[in-house]
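By written order: A, B, C, D and E. Residues from 1 in each chain.
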């Protein structure tokens, strides 16, 4: 029992540390990647004993700064809700990771350890619920600040997230229909199959439109460019305009955690999760029937690394998008959400259903 | 001016978005390549960034660049300035303060007993250099870091300006 | 009365008028260096060449008298070429001294170069080196390199000051101005050579390197140095405080007044301005506390003064109060003094005549023995029927005791000597000193009220001939000091008499209505040249 | 040999005493004047003679005399200008050395004519011997009653004072001379007023050249018409031409006005020395524009010479042969005027020095071509802009030399050496 | 930032009828897009701007009054700071007015230099504007690409003027220095880079639906309104008002150069973007033409080939050793490099009453020195005859006019500037009302308001 609890705690810690670190590194990546894209160098000044590590310490410096800054609450603001909002946002963004598998089940010292904090059979609903609750962070922050700008930001944020969750739901439905499970681990496993013996049966192959729509809606969910209306830093500054110190830091972190979450979800649902094409538990099953035997631990590590790379790539991709595109306007965003993406996702759903029916 | 409406493909967002991503990622990869190469020691490859890593790396100023003033010197180290007040007069910011003194050499006659420039007020227009009939003040030091903790420290005296 | 046409403008002038004078009346500028209206004509600079119809050669305008029907042009190409040619000649050996030359900014070489020269330099020879920065007198410094040999200074010492200290030595290109053997340019009018020098050859040692002339603002005034009342311009530096050791008044320049001083002023007057920005200036009211004078604000000071005056009057009647005004004060100051003390307070012991132990004398030109600018005015205003004779009290050395002495701008210690002054002051219970500068007398007073100097006030002085002349404030009163009439007004207001004067001009209007001698005068009538009091006899020197 | 007016009796001997002079008919004219003529008649006679001032300007003498106010309350002065400083001129010297009494007689006649009883004889400082001769002569004349009180019993008094200058060219200018005479610097005076109205000590003054006064004697003796007939119309009489330079027989020749220059050089002065080629002639002293060899057919009278752009001046004919470097010659002249400028007027004081310096560089070849034109322009600016004509005197030769011999100047500038004597490196 | 007009009642007991009330949003002056220099008070209905009011005056230097405090040339640094993104054009506009007053004609080379530098400035201005508009829409990368291009251009500006922004390059009667050696080649290289960036920006924005949606039909103004409010420049041209000072009141040498005036039709943000993008191309074209035909290389000075240091010349001249100085070339302080003798005469008018003498004259002869002094000393300086003059140039944002009144003294009696942005700010509420809150910033950005010009 204790061992089980220990293992669970270890997994929780691993995921938490991993996610938080990745989020933190994303702040660095955002700086460096945008810099490289824009012919700049990016942050590289923060140093420890003269070591600069390409600016990685900037993350620490930021954190430190956030912690020591004055925590400011507007005089007319709601003190409690103002304090609560960032935690709501961060908390619900973080708990989503509990249901995401980052590797196959491994066998260690005679135990079966699933590389997933908890393998819920309704995992996808769990994540969905967590993401929906995250909205409250934005709404509360916008309202509790007693600031027209923050209020506008909160309003935009909530309606945007509500609208795009619908699409997310609709596109996931397609995946569920194909993989016939709501357990994410099951979905990932199902993606290990090969179509016609060659093509991995990844979500993106069987649900290409769904994949794109999910990615778009997912980015919208993270409130980042081109969907950063709740922030809209050049026009309304955002729902967190009245936040400072680590409370602001939490919103910032939430942004990146959500980025990681969406990247992880995209990976999990459409890009085979931890699956590496042709790599099975016992080794490489290359097309044509050849088997390249690998020890099980090596396979597990490879899969975890593959998973990490995939997540990392989508993080990179989302940053690339963030630094390339201009921002939508509120009405355009709504139009895009309700008049283009949502109908398309319904269409996708219907098409999937028809295809499944036909194939069966 | 031709202002063409978007065609259907363009209206679908995706194609243009991907074109844009292609462009920016192109910048990303080509710059990344240059960065890496330079990190690996291929210093002759051009820089991956157009920025300068100030203060280690300084942007070369053009010869005409107007930086902090200096007073030129005679061979004995005394200022060439003869306190004619041309710069003081020409200065639109009125940041130059000169007090004249009597020089023992009748061929020089006049020298600046005091020559202060309040760089906190200076607009770096270069009129003083243009106004100087003695080639005594120049703005060619290349010094642009003129910060101080107080306004008083922004006032440069003759000793500072002679260096 | 010949009629002359210059540049198409006609003018009828008296016989004997030269072209340059006629042109001046027509506002046509003819460049000149050697010509000065106050000196004889040398005709040597050759700048004033003009073309006269029917004359083949250009003629110097300074020496050519106007004849009837003469047609003159100063703008023909021939004249322009000749004038610019002369200027070029003047400049070939002129040193590159503008940066170190005090004259820059009021130098006729510079001005005429812009107006009549504008040629490119063609000089490709070495310049002749000469003596530089030679001290030739207590006030004047000579730079022979800058000299254009206009000989104005030589003619000045020959014709005006008649002191003959300088002359032109050597010949041709080697000519230069030098002191005559064993001579020093130390006459009392030596400063004038600086004024008349059109270039920077003769500069003022007092003004040397103090301030650039283009920073100076000018105000018309009258010298307070003696009863001649020479017209002057107070030149003050009001925009660059770091020049001239923080002094504001930088120099005094004589101002032309045909009736008084013409173009000249004596050195005593010229350099007598230092007290204006002296550290000894009184800048706030002071009251004696023990042995020290302690500062206090104006309203307290006025209350204190008025209280003491009332007290003295109550105790000993008006007869126990003596008011000593000063011929250094303007007519307006004196009038308000009379109005407040004499009329409103009923004190008739008002006088301004203090015997001076220092024997001063006239010189044979401008300087007068009476070194006060407004003695005549004070007589007209204060002695208008008054029979009080202060001199008698002072000289009788009586032990009579008085209540209060109100002393204006009179350094008794200096004038009477320390002992008599102390004895005289000792006769009073309370002494109020109103003046611009601290001195030994003010140190003996119980209450000191700071007054502005003449350079800081508007008003009028009356010179020994009875000529009333205006002075204008060139600078603001220093510190808390106030023009004397304002000081008195303040006292009057405290005492319950509100005169309501806003400016010296208003005071003068009332003065002209009240004092018979000033009847009919006004600032407009006085103008810039002054106006004589009607039918008055000059004060004996 | 043409008829002479001045040197008639001194061709072979000098007349150094009153006796000698009287033997040749001396003082007859004075006697005639004092005893028979009114001053106005004298002036008329002189006017008739067409005598023009021999100092250089050539102003009609009779007219000049008539400007002296008749009824002035102030004393009138006669001043004799013997400050003969023009380079190339030595005519007054000849008169003084050979026949001083001719001058004294002329002085007496002219003083009588203008109503002056005081005469100042201003002689050049360097003429020491000549001054001594004059001193002697004046004493002699006093002794014989030709000067002093009641001359020849006519009741006319005349005192002559000899005054030596101190060595300044400018004192040959009449007002400069007056200033010098008054004991001041020899700075020419502004005119007007002219000396005839306000001259020496502010009194009416008549200033005449030695040769002019000497000529008066023969005019009185022989009549104005006779004198006029010696020369050409408007240029009466004879003139002393002082021929110097590269001729075989330099010297002072009395020749009638209007004689061709060629004749002076070749007939009287014996032609060119060593038979070199004639290059140029200065016809009237260093201050006048130069003439080239082609121009020597000019008649030597004031108007004819002026017509070809030069001046007769003081009659100092300087003959220059082909071996002479004109640049050097001009530089020499420019130096002279720079040295002699009085320094009063700006253009002259500065211009002469500037010309000298620039010409020095031209001579040394250290100048640019454009500077030749600059020199011309400087000289032009100097002309006619000063009180006295010294500036013109300095500027005229500069202009004429450069205009007429420009190639030599250009050669100096371009080759840093002289084209006359190319071997000579400068 | 928050402001609500109605104070909420403190009495809770009375049940109030719910009334919809507009939200008042105070945009600026401490709003990132308002640069701290302007304030827009908006009344929002949801996200739609119902009404708005523009308040200027947060940046006040007293430009016009300041100009009256010094000599004519001393106002030049003030003009730098009018439109501080294209200061060269301001310089030239001002000095042209003074030149008109003086009646002097600058040299041809100077005219060309002014055209070249003016057009470079215009490109920097448009680059900044388009870049900022894009950034205000969230496209940060576009901003940085364009700022990079601007940087290249500013390097050119620095090479020529000695400063990047506070250039103080114009002088009455000319410019403060000739173009440096090798400028043409460098400039052409930079233009190539700039064009590259323009192509990239075009790719990133022009056909991108997000961008088009955000700009098309947004911030429109009617032609009548634009004329009525006195709009000029790209904003006016975006409505189709065919007016460009360079073409319609040609100054300098614009009438010798070929260029087109791009026009829009709808007057929306997209048209302004188009106009600016095409104007940049036209400006580069003008600059290239001017560079190709730039008259006059180095003139042959009558110098002996000696080059001496300025200080040596000063010392020699001071000691009267002026012989030969005239034939010597003086080596100047780098800041004055463009005024070396061979170039001097080509870039300034030959009017000694307005233009400082060549340095070799100031250093080497008294005429130059006196001339120099007379132009600098207070109370002398440039003294145009009594009168008034108006000169206008096509600033980056429209007609930039200077009206200078002279009373014959060395100081301007009055300097009035007609800045393009001032007129634009009068009418900008028309371009904001009826659009959305999110459009305020991009619309405002597309106008390219520069508060330095609003100062009065």
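Quick note on the criterion: a residue touches a chain if its C-beta (ideal position, glycine included) is under 8 Å from a C-beta of that chain, and two chains touch if they have at least 3 such contacts.
Just so you know, these numbers come straight off a predicted model, no measurement behind them.
The set of chains touching subunit D and also touching subunit E is given as C.
Minimum number of contact steps separating subunit A from subunit B: 1. Counting contacting C-beta pairs between every two chains, the top pair is B-E. Seen from the C-alpha centroid of subunit C, the farthest chain centroid is that of A. Averaging C-alpha coordinates per chain and comparing to subunit B, the farthest chain turns out to be D. Inter-chain centre distance (subunit C to subunit E, centres taken as mean C-alpha positions): 51 Å.
Computed centre separation for the pair subunit B/subunit D is 73 angstrom, with centres defined by C-alpha atoms.
Mean C-alpha position of subunit A lies 47 Å from that of subunit E. Computed centre separation for the pair subunit C/subunit D is 56 angstrom, with centres defined by C-alpha atoms. Counting partner chains per residue, subunit C shows two or more touched chains at residues 88, 93, 96, 98-99, 104, 122-126, 128, 212, 214.
Along subunit E, residues 141, 148, 204, 208, 210, 314, 318-319, 327, 369, 372-373, 377-378 each make contact with two or more other chains. Subunit B has residues 17, 20, 23-24, 50, 86, 89, 107, 133-134 in contact with two or more other chains. Considering their complex, residues 314, 317-327, 352-353, 361, 364-374, 377-380 of subunit E touch subunit C.
In the complex of the two chains, the subunit B residues touching subunit E come out as 1, 3, 6, 10-13, 16-17, 19-20, 23-24, 50, 61-66, 72, 80, 86, 89-90, 92-93, 107, 123-127, 129-131, 133-135, 138-140. Against subunit B, the residues of subunit A that register as touching in their complex are 33, 35-41, 44, 212, 320-321, 323-325. On the side of subunit C, the complex with subunit E involves touching residues 88, 91, 93-96, 98-99, 104-105, 107, 109-111, 113-114, 117-129, 145, 212, 214-215. Across the interface of their complex, subunit C is touched by residues 168, 185, 187, 190, 192, 338-347, 349-354, 357-358, 361, 367, 371, 374, 377-378, 381-382, 384-387 of subunit D.
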